[in-house]
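Labels run A, B, C and D following the written order; every chain starts at residue 1.
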Amino acid sequence: VSDWGLLDPVGDAGGLADDDALLAALVEVERALVAAMSRDDQDAARVAAVLSTSGLDRAALAEGARRDGVAVVELVRQLRAQAEAALAGDGELVHRGATSQDVLDTGIMLLAQRTVERTRAELVAGGDALARHAQAERDAPALARTLGQPAAPISIGATVGAWLDAATSALAELDAVTFPAQLGGAVGTGAGIDDVAAARSALAAELQLDDPGRSWHTDRAPVRRVAAASAGVVVALARVGTDLVTLSRAEVGEVVLAGAGASSAMPHKRNPVAAVRLIAAGVEAPALLATVVAGGVSSDARPAGAWHAELPALRSLLRLAAASAEIAADAFAGLRFDRDAAAANLAQGLPDAVPRAGLDAAGRTVDDAVARWHHVKEAGA
Amino acid sequence: VSDWGLLDPVGDAGGLADDDALLAALVEVERALVAAMSRDDQDAARVAAVLSTSGLDRAALAEGARRDGVAVVELVRQLRAQAEAALAGDGELVHRGATSQDVLDTGIMLLAQRTVERTRAELVAGGDALARHAQAERDAPALARTLGQPAAPISIGATVGAWLDAATSALAELDAVTFPAQLGGAVGTGAGIDDVAAARSALAAELQLDDPGRSWHTDRAPVRRVAAASAGVVVALARVGTDLVTLSRAEVGEVVLAGAGASSAMPHKRNPVAAVRLIAAGVEAPALLATVVAGGVSSDARPAGAWHAELPALRSLLRLAAASAEIAADAFAGLRFDRDAAAANLAQGLPDAVPRAGLDAAGRTVDDAVARWHHVKEAGA
Amino acid sequence: VSDWGLLDPVGDAGGLADDDALLAALVEVERALVAAMSRDDQDAARVAAVLSTSGLDRAALAEGARRDGVAVVELVRQLRAQAEAALAGDGELVHRGATSQDVLDTGIMLLAQRTVERTRAELVAGGDALARHAQAERDAPALARTLGQPAAPISIGATVGAWLDAATSALAELDAVTFPAQLGGAVGTGAGIDDVAAARSALAAELQLDDPGRSWHTDRAPVRRVAAASAGVVVALARVGTDLVTLSRAEVGEVVLAGAGASSAMPHKRNPVAAVRLIAAGVEAPALLATVVAGGVSSDARPAGAWHAELPALRSLLRLAAASAEIAADAFAGLRFDRDAAAANLAQGLPDAVPRAGLDAAGRTVDDAVARWHHVKEAGA
Amino acid sequence: VSDWGLLDPVGDAGGLADDDALLAALVEVERALVAAMSRDDQDAARVAAVLSTSGLDRAALAEGARRDGVAVVELVRQLRAQAEAALAGDGELVHRGATSQDVLDTGIMLLAQRTVERTRAELVAGGDALARHAQAERDAPALARTLGQPAAPISIGATVGAWLDAATSALAELDAVTFPAQLGGAVGTGAGIDDVAAARSALAAELQLDDPGRSWHTDRAPVRRVAAASAGVVVALARVGTDLVTLSRAEVGEVVLAGAGASSAMPHKRNPVAAVRLIAAGVEAPALLATVVAGGVSSDARPAGAWHAELPALRSLLRLAAASAEIAADAFAGLRFDRDAAAANLAQGLPDAVPRAGLDAAGRTVDDAVARWHHVKEAGA
């Protein structure tokens, strides 16, 4: 695979989960392992200091992934050669006690933690923009629709508040995720590691990951949780994207997105591309989560294929979530609402409605949604 | 649809989430709504007392589901008729302020809470059985396999301990789920309800559900969370099922399941049907979760179809989890391990291995897994 | 499971794939098997004549499905008892040479054939309605939208023609499906059957199924194909449903659906329930197809769980397709288009457009779509 | 996204569907469009001759994909600049009459056709290897297992023949796929193109694609069909992978894979990596197909997001199929069967069985499977 974005309208939030980032994470894990497994701090420091992504043979790593099923076998070979070259005889300190899955699972969790951190920051920016809009449009009369049809008076702000509420839940879910280190050795029991609990704890501390107090080689709940929370972010934002497409239709005209996309056939077109991208991510995410869940049906002390399918799907979800949050942060900030259009649609859609009661209730919904947003945002900060 | 189990090897744990149970839940919700929305306790008590599943026209309810997209419209009609018949003039107290989604979402959460309660009880029974086996076989030498191949010495107990660990995570995930009531009125703002926060709180209290402090018509995070936790239970147990099929193969022979199934063509066959059923559930669950997640991409103040697809998939997951837990509770209790076969497979698979170090580590893993199980089990009790 | 439609807005097209229908199909298969496997026509006729669904113990069959993983083991026991009771000593002629999978796979194919026949008839009715609308509105100016935004002039007819085109492709896909009988005996080789090719051919002929010339116990391509074609029908119609929700929005107002659904909270609402149901089916179908495909990863001479998950998902798809086609047939016949609204939306959405060129092209598209529809419809009739 | 294989054990069959290959296809399509749309052959030839992938700004294309939702808008800008630079004033001949979707859909079909061609070649090689093994082991006694348990005597060859049969079905499905060109202009009606039928036909001929006789912007059946056939290949081979993991277990020992993978923790390990990779692909494929199907629920004259999610998932399936076929071609050629182990497992698993009848039937199954393979292979060649 050698893609650079030609067929990727959603994007990947700046490559923060790409192979180079993962490789860097894997090398960090191997470095931290040297420290965690060593009885001699000085030796460990010397070895860890020479391990580096620079000089690694990426083509050989990719080939190794296909030959051995996991690139870590080849990575260890190359890192040991680095250690041997710099410090004759100390190669064996590299990857001591660990199995490939320890390094890849831990590396993925490191990648996940960093990607989720970015996702959170963008989601917060997007949610803050929604909170501002909700408050600004708190009392602007609008038509609420259910099943596509005129339902009852609401305010623009309350519609935005409902979007915000979904973002709030997604943020809370994201903040509940933990990122455990993995260390179990060959078959998950820590055999061959002097004090596996201490070593795992040290590894986790070194990498600022959580110490799970056990190895989870075949219990994929931690992966499933990251994946589900990531899918939650994508869905919460795709839901807004769907409404944005509706509300920016010419016949509805209640919302205008900034920075619309061009068409190759129709120069007049201004496409709501941000919304389109959020929706596209929403179409992709459910199936990726299904793959992560299916890949969680482990077997033996390491499964023959399920694990190998699970991690790429997890990464795709991490990317979708980060990209969606980035798109949302930008798009939500640039939204402009047309109060006249909203009021006119209300008057035409529900000619006999008296909007007052609906507006009061809508206003309270806005207040609640904004308060909840700030509460969750600050609780997780 | 009128199925009675002919094509359902997994089963549904005794029908506790079937249409009759859901109907009973919906009537309970309407009853609780009368109480929650009424200013006059005596009136409310009189009306609630006459609402009943008995006498409801199920065929009309099914037809209503297809005609209106949701059966609640027809249910309200029938319940109002009950109230009118028993107490002339009080029909309007039924369903006051609420929309169909309020009743169906709340009813589903009630159903979910009850089904999950059963799932939990069965999962606890199954986990307790695994904990007993893990301790009994704590030091029985066995072969750990990775990618299907002989990897390192382990104990039977540690393999069981890894199964237990997955069950523990699933239990923890289940115990973290909340079951919020839903009350938002026509478009989620509570318009038309005097004090929607108080009414929602009263509704939740009446039904022993959680008070979410908001309506979540278009924020489907609560549903997604129940679904994800249910899928987690299914996957954790399917993972055991997969190993049971391997370990009970004639050539491996380390496990025997009680109560094996018959074959129509081969009288000698003793099929590991419990494991087969757990695996089948594991094949079905990921896609159902994908449907719940896809159905969570809401739109407007109520989506045109997504919500309608989400709830049946959620129910299917609730059933799969309950059935899987029930199957597991029964099957795990009846497992018998063959220490001789395990030892022989170790000796043949790894002729040069010295099992001692592996066994010590395995034993500690068992202790940890059992301790974690009891901790999580008691924390959630 | 004992559901009767309370949570099933999509419905199941009148129960034609429910457990009773499947049971009838299984009994037909066992009857045909007696004939196909017997060397003595008179004996076979006598035995086949007494096998009947009446008197079968459904609860025992459901329990058998859970106990043995497949209900056929118990069904054979009951049918043999029927034969023994009526014709002392002839029980052994029942199910001779066959394995449970032979009967269940063949029975499912029989059910599939009948359900698809109904799906086809309804799809033809729905497509015919679309063809009529397309021709009637061939030259009615309208606005084509891409990504939700005004794009170019088109005719109402051409929009309908695009819907028709998707239905045409779905019909062609459906007509390409074959429904093979299954006969392979215990492990798929036909061992224990004198002339398995002849017996299979006779079985297929008896049931008016296709003779695959082989057993396909572990090659699930035939199932996958039925499932994919069924999903194709659902998607083609969900695509129309999506447009119907948009075009029937109050602000757009180009389409009115007959027979709209009611709301429990808003008496004025007229919900486009047919469209909602089509969309709901479209949300459910993709994941069900994924389950069928995942269940197709067979193993051994019969897999431990994959097969057991595949058939229920296939049936769900058969139902969704039949129900969608039935909904569409009804809804499409009742569509009314508002030419004034369409023309006004065009004028407002693209004020500077000259619709003439677009209309001519649109008209030709209609002609092509209608011609293609009739061609495919007649080719498959 | 900038991945190079670090987390991709399955691989992508040499990058034949990567972004560079797609970009080349898109430029070919634009070139062919110039020819198909021009009234002056000489002009067209001159313009087409200067359009080239060399000099295209890939970063700008990737950015364009995110800005406009599709990279073709930016590609057209760059290609027009190429034409303008080389032939002052002829830029307008580029992309005349077409919309972005015309170019991307056609380009994807070109990519699909080429990838499937490779998939076919590898699948044929893999199937031929299976056919040879099936014949060589036609009469070697072995144990058939169902649900993991000893079932009946079979031959090694018949087990391989069952694998071959699944490959045959997958090949037949692949050979039935068509690869239509896409040309519909802005909204699918061909408005703005003088004779769209002729232009489409010319475009298809130029690119050796099928002429669909219509545009299929919103009828995604052609995409669904390629995707389903690709998933079929993956599943057929994952099914073999699953059996290979079982049969190469130390306790079973009936198969040895050549070129086994290494472990980072256990130097003695020889992992059946080819089988692992086939299985991993089998876990990923079902959900990708679900995404393609979900993305096929189109809307308007071009959907806002569904289309954008569909094509990346299609490409992933194309890759999985090509990679699986490549893995299989290599792995199947290198399989070695252990007749003694197979015979011993039969004797132990079914001590009282008389294998003769089973072997005769098994042999006939082999003959049929091999004949069917050659028939399908040659019919599609």
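Note that a contact is a pair of C-beta atoms (placed from the backbone, for glycine too) under 8 Å apart; a residue touches a chain by one contact, two chains touch by 3 or more.
Quantities reported herein were computed from a predicted structural model and do not represent experimental measurements.
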Contact-richer chain pair (by C-beta pairs counted) among B-C and A-C: B-C
Distance between chain centroids, defined by C-alpha means - chain B, chain C (Å): 29
Whole-Å separation of chain centres (CA-atom averages), chain A against chain C: 37
Residue list for chain C, restricted to those that touch at least two other chains: 69, 145-148, 151-152, 185-186, 238, 245-246, 263, 266, 271-273, 275-276, 279, 282-283, 286-287, 290-291, 294, 304
Category of the chain touch graph - line, ring, star, complete, other: complete
Partner chain A, residues of chain B touching it in the complex: 69, 144-148, 151-154, 158-159, 162, 165-166, 168-170, 172-173, 185-193, 196, 213-214, 216-222, 224-225, 228, 231-232, 235-236, 238-239, 242-243, 246, 279, 282-283, 285-287, 289-291, 293-294, 296-304, 357-358, 360-362, 364-365, 368-369, 372
Touch list for chain B against partner chain C, complex: 1-12, 15, 18-20, 22-23, 58-59, 61-63, 65-73, 76, 95, 98-100, 103, 185-186, 192, 238, 241, 245, 259, 261-266, 271-273, 275-284, 286-288, 290-291, 294-295, 304-306, 308-313, 315, 319
Chain D - residues contacting chain B, complex: 143, 145-152, 245-246, 248-252, 263, 266, 268-273, 275-276, 286-287, 290, 294, 345, 348-350
